[in-house]
Amino acid sequence: MLLPSLPTVIRRDACICGDVTVSDRATISPGAVLQAAPGSRIVIGDGACIGAGAVLSACGGTIAIETGAMLGAGVLVFGWGTIGKYACIGTAATIYQTDVAATVAIAAGQIFGDPTLPNSNPAQPPA
Amino acid sequence: MLLPSLPTVIRRDACICGDVTVSDRATISPGAVLQAAPGSRIVIGDGACIGAGAVLSACGGTIAIETGAMLGAGVLVFGWGTIGKYACIGTAATIYQTDVAATVAIAAGQIFGDPTLPNSNPAQPPA
Amino acid sequence: APPTPWSHDLAKPEVDESAFVHSFSNLIGDVRVGAGVLVAPGTSIRADEGSPFAIGSGTNIQDGVVVHGLEQGRVVGDDGNSYSVWIGRDACITHMALIHGPAYVGDKCFIGFRSTVFNARVGAGCIVMMHALIQDVEIPPGKYVPSGAVITTQQQADRLPDVRPGDEKFARHVVEVNEALRAGYRCASDEA
């Protein structure tokens, strides 16, 4: 597998703009960018962790990161979608306009929601 | 699958004691506990993120959290072990005296390194 | 920009006054930014080893993009001069893409999420989808590079299909989102 390039963390703080709600029990790492276009929202739940240099760009709906969900360093979530409770999204994965079920773990560098790829739906949670 | 519960965070600060080195580009969430027994160490690298209420207890060696690695809320790392670069350890997982390879994503609530459990070695990184 | 040991003797970026460079980005060295360009938060454009860089008018550089260049190696830009990185007009360099010089990205190219262009030329009007690697090749204008493709030999580059009607659907959507965000940035910076 080609591991895509890892994020460069150039800033110690995070950039949050637009209608973004972050639980005070969530953790946002340095260099993360959370931005919601006008009319769209981002909601980050309790105990969620957003890794260094991750980008959440909401447009056309809501990006919800539920309780205890984890986004690794450099993860990209684009458009809209819910990352379910306790899901774990590996480093440098891309989630495009799609939901990820609760407790799913996604390996580093994967793409989900690409309309041009077969099998671009996230795995189901472990039984 | 039984969802793990999030740790109760009663402190806004983290508790760091013993020989613990934290990169100033790492993020340590409220209520995390990092403690190294005499003769043991903890090292936290650049861009690493330690979730709320996570517990790292070094004993008999070094716990190293490498660059960009993420530990979700309530993760327990006990004994010694290296969490490789950009690995992602899901909420409330337990890592006991074992290493986790770079970029591996581990689902919430899993246990690794327990000698009494079968299949208790962390997944290998994607080929 | 945070200083590097060698950055004190670097040329300063030249940014057209109609361009928007978000403060949460890192732009250093001889970078020539044209009219109406958007440089989003979390980008790093460092002409500290290879330089100069040119970013043509109307192009957008989205969140998390890295543009950098090797000290050695140059491409010829559309103006006939040598550049470490040339990005043409009305191009779209999307989230997390890496453009590493020597690199040429032509007018109206679309470089999808997390794709890499290194030591390569991507001709005008190409659409590169997500997580692709383009290295050591020259892609003719108007080609389509699917998601996850690894194009590292000229033979592979020459076999790429042309962009077909419909291929630009995803690209257009990402561009539209970007327009919405640009409006948001403008509001935010007016408030500030």
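Letters are used for the chains, namely A, B and C, taken in the order the chains are written, and counting of residues starts over at 1 for each.
As a convention for this text, a contact is a pair of C-beta atoms (placed from the backbone, for glycine too) under 8 Å apart; a residue touches a chain by one contact, two chains touch by 3 or more.
Just so it is clear, the structure is predicted and the values come from calculations on it, not from any experiment.
Asks: Go through the assembly and pull out the chains touching chain B as well as chain C.
Replies: Joint contacts, listed by label: A.
Asks: Taking the mean of each chain's Cα atoms, which chain ends up nearest the overall Cα mean?
Replies: A
Asks: With chain centres taken as the means of their Cα atoms, state the distance from chain B to chain C in Å.
Replies: Averaging C-alpha atoms per chain gives centres 37 Å apart.
Asks: Quick one: report the Å distance separating chain A from chain C, using the average Cα coordinate of each chain.
Replies: Computed value for the inter-centroid distance: 23 Å.
Asks: Centroid of chain A to centroid of chain B, CA atoms only: how many Å?
Replies: Roughly 20 Å, centre to centre.
Asks: At least two other chains touched by the same residue of chain C: list those residues.
Replies: Where chain C is concerned, no single residue meets two or more other chains.
Asks: Which positions in chain B touch two or more other chains at once?
Replies: none
Asks: Give the list of chain A residues in touch with chain B in this complex.
Replies: 1, 3, 6-7, 9, 12, 25-31, 46-49, 51-53, 67-70, 72-74, 85-92, 102-109, 125-127
Asks: Quick check: in the complex, which residue numbers of chain A touch chain C?
Replies: 2, 4-5, 7-8, 10-11, 15, 17-18, 31-33, 35-39, 53, 55, 57, 59-60, 74, 76, 78-79, 92, 94, 96, 109, 111, 114-117
Asks: Please output the residues of chain C touching chain A within their complex, sorted ascending.
Replies: Touch list, chain C to chain A: 2, 22, 24-26, 40-42, 44, 62-64, 66, 95-96, 98, 113-114, 116, 129-131, 133, 146-148, 150, 169-170, 174, 177, 180-181, 183-185, 187-188.
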